[in-house]
Amino acid sequence: MASYIARRLFYGLLLMVGVVVLNFLLIRLAPGDPAEVIAGEMGGATAEVLAAIRANYGLDKPLLTQLWIYITQIAQGDLGLSYFFDQPVSKLIGERIGATILLVLTAQFAAVFIGTTLGVLAARKPNGLLSGFVSVFATVGYAVPVFWTGIMLIILFASVIPIFPVEGMMDIRLRNADFLTKAVNVLYHLVLPAFTLAVIYLALYARLARASMLEVLGADYVRTARAKGASERSVLFRHALRNAALPILTVAGLQFGSLISGALLVETVFNWPGMGRLAFDSILRRDYPTLLGVLIIASACVVIANLLTDLSYRLADPRLKKEDEG
Amino acid sequence: MSALLEIENLRVDFATRYGPVTALNGVSLAVEPGETLGVVGESGCGKSITALSVMGLIPQPPGRIVEGSIRLADEELIGASGRRLRQLRGGEVAMIFQEPMTSLNPVFTAGDQIAEAIMLHQKVSRDEALKQAVALLDRVGIPEPDVRAKNYPHQLSGGMRQRVMIAMAVSCRPRILIADEPTTALDVTVQAQIFDLLNEIQRDFDAAIVLITHDMGAIAEMADRVAVMYAGRVVEQGSADAVLDEPKHPYARGLIACIPALGKEDGDGRPPPLAEIPGVVPPLHLLGEGCAFAERCPHRFQRCDRETPLLAGTAQHPAACHAVAEGRL
Amino acid sequence: MSEAAESPLLEAWRMFRRNWPAMAGLAILSVIILVTFYGAFLYQGDPYEIVWAPHEPPGVAPEFPLGTDYLGRDIVAGMLTGGAPTLAVGASAAVITMIIGILLGALAGFFGGWVDNLLMRVAEFFQVLPALIFAMVLVTLFSPSLTTIAFAIGVVSWPQTARLTRAEFLKIKQVEYVTAARAIGAGNLRIMWRVILPNALPPLIVSATLTVGVAILFEAGLSFLGLGDPNTMSWGLMIGANRDYILDAWWPVTFPGLAIFLTVFSVSLIGDGLNDAFNPKLRER
């Protein structure tokens, strides 16, 4: 198992190097002088600033040297300087990545648990009402633009049923309150954005869970469990679900790239102070270092998420574990 | 003494896209304590459905028990509560299935699965159940049982998996063990071992065995009595010796004739060509008024197309055939 | 007893016809395409023109049945003209995705070995990049024209199609390969394209409808963020432009969103119908 982890980490690292190289190429491929691209069009790039950029990134040196400089900078955590905010990009992202991760993880876990439950219940009566609802919900949930859902929810909860806050992550007035109060307030603010993001995936997992359960319930070993005298509940949750959950885990693990993209839209709609919002704002300001920094960090998040999913999948399915045992 | 298991006039219908189809049409069987009843017939004749009905494992849509009775030691099973059926399953009546490769849950160890069977019917702790599981693995002839108990199904061979299934089935000393084609999916050498094991188990646990198979050789080896099924009905019954040596129903005769005989030669010194029963089992939804076997029967006459034959003749060795009843054979 | 063999396409169409949600989807999509066509080529109104007071609710002024937005622009005009870019970008992005995906997936599945390994690593690389962010970067660095957007979506979405194609080719290669190789003698690769690819089409067609849906949503998202072509009105742009005023006027954002939803919904109903039509056995569960 340890060697497997090492291999996967190394591979993830290679992927990240690829992302960095891609970033590097994109700046160079964009029309215009790379130094001006990096400086952005705000802040009136003076000759001094441009010269500083050229020196910092080694833009007058050969291409490969530039690449090496760039890679080493990033490896040390230097994602460049945001000329708009006049702050290191890594600091900007660091302040906001927590909010995005909170949003994404909450949405994902809610979607997996609620979706799987719905799917399992629907599988018990494949022609029943719940099963039909799951089918319809799955198609509808996927077709709705996530930012539109968010907007509709804001309209609903701001004017019609004002129970959840529709903006931001925390009430500013509480900034000096104790941790528990702040945490509760954040959770309160988290409900609508997380729900908006979760709906799409909830539909996906419910449909997948139902299909997976139906397939597993038809398997021979489920018949054996019944022949042993196991109760229906034990058959459903212990025997069937353990097997049916595996494909759900695989699919869920692959959604993180999509979740982060969706989070960007949700953060914009709800003014949630995350990485996605930062990326969007930096586009308006032509703040490319920040934008590309977000790309790198977001990609890193996806790589890590993939690795963790892969590991948990290997732990959950004994058929895969066997490669490491004797 | 009444039989341990009595199936009387069992009729089971299935709802299909062609309309309702009768899978079992008035099946009656009896199993005495400690004996081995062989149920033989081609695929689709209803032998597995009979077994599943006894276990209460027929999915009730699309299946439906239309009429009949299944009595285990005088207790009626049809209509019994779900709880009672679950108590009996794995406890008094156990079943092993055809495909050992897929009949074990891939995410639990062999020991866990046997222990679960034990804990479902006896009030013992998990540790105690696991200990019993290891002992059972030993009893069914698996070497290094304590190691194997921790193995997952994919780490075991087909023969070993079937032994695990047998261990699971006999863990609570069932009075009846239903074996549905237990060796069909296994190598020939392993088959013999499994049959030996079943015989031992029967002696040690004093259990009755219902052996469902299409292999006449297995019947010859293991069965005390035989029931031959075709298209959802029992067409001949009797002691194994009687049915094998003097089969009455043309289908049974055909089956026995189909057994390849080693050592025989015809006039040219070559072994005789393999016998076969021409035709195929008719689709159940297309069965008409007469005998279901009529199309393939060399002794067919008018009455066969008009009237379904019922079991008739001696009480020990009845057959459902007009030709036999009228002495034409 | 034998049944006359029907062409599999005809059989699939008959199954599709019986599937009423799929036919409903087809009907809805046809209406949307017709309306969009009208809006793109025949309609004379200008969605950018300020025609009335801002935030006129729907159903109040008879000339503006859907009301006006925050600048006083006609929402009906926006709806009619906004469909074309959305559908055009969605469709062309899907086409680009399919072309790249099928090509690379076929190569990977057919040749296997290092080609497969290399291509799958590349696919994995593109899947690691969060799609929207990457598309945003591309659109920002290179001008935000409709073509760029279509390409950006295509570049980001092809891996999934490639994996599906690869799986199909791997599967069919085993089945058809022997027969084809014998019939042709010296395995002509081009004929492999003609043998394997047509058999791989059913799941690819279903996947194509999925891709169209995703592409439309993607384009809507980019337009919403203001990254679409600023000279072309699209439904996503309408939602994004009116974003700051949703608490004052719900209609400028609701109707375009409904339009996007209906389009993607009808496409996915068709996709489901196609899926059932090609796989009748799975339906019987």
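Per-chain numbering from 1; labels A, B and C assigned in written order.
Following the convention adopted for this analysis, a residue touches a chain if its C-beta (ideal position, glycine included) is under 8 Å from a C-beta of that chain, and two chains touch if they have at least 3 such contacts.
All figures in this text were calculated on a predicted structure; none of them were measured in a lab.
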{"item": "Set of chains adjacent to subunit A and to subunit B", "value": "none"}
{"item": "Relative to subunit A, chain with the most remote C-alpha centre", "value": "B"}
{"item": "Geometric centre distance via CA averages, subunit B-subunit A, whole Å", "value": "54"}
{"item": "Where subunit B and subunit C are represented by their mean Cα positions, the distance between them in whole Å", "value": "54"}
{"item": "Inter-chain centre distance, subunit A versus subunit C - centres from mean C-alpha coordinates, in Å", "value": "23"}
{"item": "Sites on subunit A at which at least two other chains make contact", "value": "none"}
{"item": "Complex contact set, residues of subunit A against subunit C", "value": "15, 18-19, 22, 26-27, 29-31, 37, 126, 139-140, 142-148, 151-152, 154-155, 158-159, 214, 254, 257-258, 260-262, 264-265, 268-269, 276, 279-280, 283-284, 286, 288, 291-292, 294-295, 298-299, 302-303, 306"}
{"item": "Subunit A contact footprint on subunit C (complex, rising order)", "value": "124-125, 127-134, 136-138, 140-142, 213, 217, 220-221, 224-227, 236, 239, 243, 246-247, 250, 253-254, 257, 260-261, 264-265, 267-269, 272, 285"}
{"item": "Subunit B partner contacts - residues on subunit A that touch it in the complex", "value": "219-221, 223-232, 239, 242-243, 316-319, 322"}
{"item": "Contact footprint of subunit A on subunit B as seen in their complex", "value": "55, 57, 82, 86-91, 94-95, 97, 99, 102-108, 116-117, 120-121, 152, 154-155, 165, 168"}
